[in-house]
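The block underneath contains the structure these notes are about, expressed in structure tokens.
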Amino acid sequence: MDLGQIPVLGLVFQLIGYLVDVLPTISPIILRAATPIALAALVGVLCERSGVVNIGIEGIMLGTAFIGWVVGVALVPILGGEPTAIFGLTPALLGGLAAALVGGMVISFVLAWLAISVRADQIISGTIINIAAVGLTGYLISLLSKSSPVGAGNFKPFVPPAGLTDLPVVGWVFAMFLEQGPITMSVIVIVVVMQILLFRSRWGLRTRAVGEHPKAAETVGISVIALRYRNVVLSGLLGGLAGASLTMEATNSFQNNMTAGRGFIGLAAMIVGRWTPLGAFGAALLFASSQAIGRSISFAPPKGQLGDILTSVPPQFYDALPYLVTIIVLAGLIGRSTPPAADGQPYEREGIH
Amino acid sequence: MTGAATPAAPPERPWTGVGTALVVPLVSILLALVVGAVVIELSQLLTPGKGFNVWLPIEAYRAMLEGSLGSWNNIVNTLVVSTPLVLGGLSVAFGFKGGLFNIGAQGQFLMGVLGAVMVGVALRDTTPVIAIPGALIGGVVGGAIWGFIPGVLKAVSGAHEVVVTIMLNYVALSVLAAAVNGPLRVQAAPSAVTLTVGDAALPILFGRNGHTGIIIALIAVAIVGWLLYRTTFGFEVRTVGANPDAARYAGMRPRRIIVLTMSMCGMLAGLAGAIELLGITHKTTASYATSVGFDSIAVALLGRSSPIGVLLSALLFGLMRAGAGQMQIQTGIPSELVDVLQATVLFFLVANVVVKRLLVRRSRTGDTPNARPPDRYVNEAVTG
Amino acid sequence: MSSSPQPVPALEMRGITKRYPGVVANDHIDLDVRPGEIHALLGENGAGKTTLMNILYGLARPDEGQILLDGRIASITSPADAIARGISMVHQHFMLVPVLTVAENIVLGQESMAGRIFLDRGEASRTIKELAGRFGFEMDPDARVSSLSVGAQQRVEILKALYREARILVLDEPTAVLTPQETQEIFALLRRLADAGRSIVFISHKLYEVLAISDRITVIRRGKVVGSRVPAETDEEDLAQLMVGREVQLTVDRGESHPGDIVLRVNGLHARDDRGNEMVRGVDLEIRAGEILGIAGVAGNGQDELVESLIGLRTPTAGGVTLAGSDVTGSTPRQMNEGGVGFVPADRQRFGLVLSFPVADNIVLTSYHRPPYSHGVLRDDAAIERSAEKSIAAFDVRTPSADALAGTLSGGNQQKVVVAREFDRDLRLLILDQPTRGLDVGSIEFIHRQVIAKRDAGTAILLVSAELDEILEMSDRIAIMYGGRLVAVVDGPTANKNEVGLLMATGGHEPAAPAESRITPV
């Protein structure tokens, strides 16, 4: 055993000790922060698995965050109603959520039309969605803020029985997954269901085939165009949920450009997660952890040598880590991640002469 | 890109003449203005207190024009606002010419800001003759690094430049914040901010804020045009962009050219950042507010990737941005209308391809439907 | 297969005609395939075999003619139609999704389900194993297709057809990508399928294969049926004659060649394709100044890789190339070009031209960096324009101007642009890969004249073509390439077409013999 390794080993133990200390506190925050990222990543998985590159996720999230919020606000005076004990649901909130979901599908349909029917460059198509979302939401919120509308409130976290969360050792796990609002909780379910459907169902098989080799799919009678449309529009549901999580669960208001790049981190999570729902969710958790631990270090740094080292790293490093990891993965330095073979390629049916 | 069908000869298109090269962008702008007017009319319904004014769109556009062209100072300000759009647009357009989609102008711009402020602050007490070129070069190098990285990754491991540049945009945000919070921070200041660049500040040449950067941007247009169409390097860039296989067969070295092209993209966007810093803000906080990244894509697309086109479309979007404040003050229409207009212009540019394609298909029979030249990335909306 | 009581054909194609602009791909073709029959469709590349089968599979629509299945007229307008009527096709380029498993590929589009949502993977596996077992081979349904050998992938394609209960199975050049062992296995499998009552259309241009496997042979040439045979009553010579035709039409007077010094010498060259398969397996050749060496061979026998290795686009894995005495192995395309090597690539639109560029830019595509077209970093547009005007006139390129986009020209004129670029200077060596593919007669003749002129000016010329007529017409010597080797070299003017065609199709049946020993010394 090389003596030089001992201080390093010591540091590793210190780090593990620190993580064990802080994780119970920050784990619910991590899951909450990972929710919109994971949903955005699932939007990407759904689209790209069938061969459509979607860099408009950011815009879809921003647009639906606004739509959900504004419809909720508009419905409050009409529907009224008391929030329920669990999750704090009100008719207005549910109406807002529904609007966000429908809105997500509508925006995605525009993207699908540009990417699939127009066969426009898919990067440009996504960029149009992003610019339009920033512009329209900024425009409308600027108009509305003059009348300073009252928010529709937001979904409240579930309160699990104290007996569960107070359990020694594992209590924090319950807290992480149960002290959450409905959208955050649903993400785990959606991830598992999508993972199973993608790899076990007929729809999943056809989706993967179309994303990899559309011509082969067409020769066995599968309509490439229809399947791509369906998947991209469906992905709008997830995008809407991601948007709603921002204005109806994490906060109760809309701010300009509030997605702040979450859609693009979602894209990164999809890549690092190798275009699988579970992988994307794992990457989203990892990314959210990196940022949460970064915050935690700057607020309450660990003691001793480890603390000195960690605080000497600029806190922005932890923010940039997800992007750096993604670039490294893309460069093939660790665990090469290969997109579906037909990703981003417009499909043209063979001409019948 | 698909390599599915053998690309056949493009059909004779009656609209590919010089005059018609302008038609599609102009029609797109016109349609976008109409959509903008509809948005304004509809949004009046959201603020019912004020009553309905049918002429509001006209008034808004008029106020916008007044704000951007109404006085000498306003005109100068429009030029100032357009300057980073010209350079950013050139950056994206140069990438398109080389078959690369540079979505990273934002990050390259920020690295240009960082490079310029680093050198500028270091040279702030020398003399403008040294400090200004030094700081500009600092910005250009900063941007070039941010273009070089995705270029090398693409050339060596095939990593797609779109994703890499998106990621680098966010890394640049962090790098700038870390630098301004760390080594560049003025210790006495209550919040993170750098020193001003002192002697490296660009001199004001005309009007209230008409700094030298305007001239630099015009020179850049000329240089990029010269580089693309008058030099052998530009010919190589365009060949690799249009048909990398043919470029390789003809003895060019596509990988090397990709790296150089992306670095050039970074230099141009970095120059934009440097000029913005040295000409306007003179110092930076931990975050530097800009929307130049997406704006540049819009500028390059509307300008059809030609240097002159980029100049014109940058002036158009610059005019909108510069006049938006006046529009908001006079008519209460939020300045974000400009983003809506920008997105709508792009939408019609892209959707125009559909109209074209339908016409093309009708005009001939029995030929293969895939009639696009093998321009890899860039579709008709880009190359024209 | 006795044919005494004439059964109703499983498939009958009557008077199928298909015209493409400038060419009749199928000219009143009749074909009938009986139940349980293996019917070979024999013809050269471009004879119209694939067009005919695309019509059968609903990928192309005939201008005239009918398709009858079991004696009834059928209208087939899409692959889905074809599948529904029991027709399956094994494409030359497999329609398999590499990352999916064997089972997933086979059931795709016609999945066996457990409930409405989920796949019944157990059922799929059982069906596939049972099907494979019935025809005497093994198949792991859970293997990824990308991990399979090419032969196994082909069996997956066949299983795909069987899974869809195909009664008529079309195989397009199925052995092109197979090893001899794999070929034997697939033949055995096809025979079992036929014995089980299925009809098989076997497309090929390899004579001995056709003789070995089929019950009947229909030969087409230039879009027409030129003969029908049963294997017992024919042999390779007879078939070769039918396939390539009797007459060699000389359209260009080639004159005497006066070979000079050796310009190009290739020693023991080996090269792999992009997937790592060794495609060139020890090629030796010499070309002298002022002579044309033609390389005859069926496409896919290593010609592409040989040419790419010579021109610097591919690094040989072994062996050496010398140009006028100096070693140029592993040189870049630019170095070869500067060394006086001209090159006309096979696919002009993909490799030879930038269609979105003006003709003038295409004419200087390989020389733009040299004076007079550039000085330092600067292009000299005036010089480029002048040179382009000159070349356009000299090579009779029909274009509105030197500024017209290359993509707007006809195929013949596009090729003339490439030829003008590559021919219009002093050359040591000229490499021509399919120089006249898909061109009209006038353009072909023009280009052939230019090639002869170049030879007479003392250039060494390597001509690679899939058109045997072109090789025979142009070459002073002919090397036949088969399985990555040059299996024979014959004298051009006295070459016998049938003999060369036979060598192309069979490789002389001695693929193991060392290629070196078969080259006649110059």
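Read from first to last, the chains carry the letters A, B and C; within each, the first residue is number 1.
Keep this in mind: a contact is a pair of C-beta atoms (placed from the backbone, for glycine too) under 8 Å apart; a residue touches a chain by one contact, two chains touch by 3 or more.
Just so we're clear, the structure is a prediction, and the values are computed from it rather than from any experiment.
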item: Chain of greatest Cα-centre distance to chain B; value: C
item: Contact-richer chain pair [A-B vs A-C]; value: A-B
item: Between chain A and chain C, centroid-to-centroid distance (C-alpha), Å; value: 49
item: Distance between the centres, which are taken as Cα means, of chain B and chain A, whole angstrom; value: 28
item: Interface hub residues of chain B, defined as touching at least two other chains; value: 366
item: Where chain A touches two or more other chains, by residue; value: 215, 353
item: Residues of chain C touching at least two other chains; value: 20
item: Touching residues on chain A, where the partner in the complex is chain B; value: 55, 114, 117-121, 123-125, 127-128, 130-132, 134-136, 138-140, 142-144, 146-147, 215, 261, 264-265, 267-268, 271, 314-317, 319-320, 323-324, 326-327, 330-332, 344-346, 348, 351, 353
item: Contact footprint of chain A on chain C as seen in their complex; value: 18, 20, 59-61, 77-80, 83, 89, 91, 95-100, 104-105, 107-111, 113, 117-119, 121, 160
item: Chain A contact footprint on chain B (complex, rising order); value: 1-2, 4-5, 39, 43, 46-47, 49, 101, 103, 149, 153, 156-157, 159-160, 162-164, 166-171, 173-175, 177-178, 181-182, 291, 294, 297-298, 301, 334-344, 346-347, 350-351, 353-354, 366, 368-370, 377-379, 381-382
item: Touching residues (chain side chain B, partner chain C) in the complex; value: 6-10, 12, 229-235, 238-239, 242-243, 245-252, 366-367, 373-375, 383
item: Chain C to chain B touching residues, read off their complex; value: 20-21, 313, 332-334, 337, 343, 345, 347, 349-357, 361, 365-366, 368-369, 374, 377-379, 381, 405, 407-411, 414
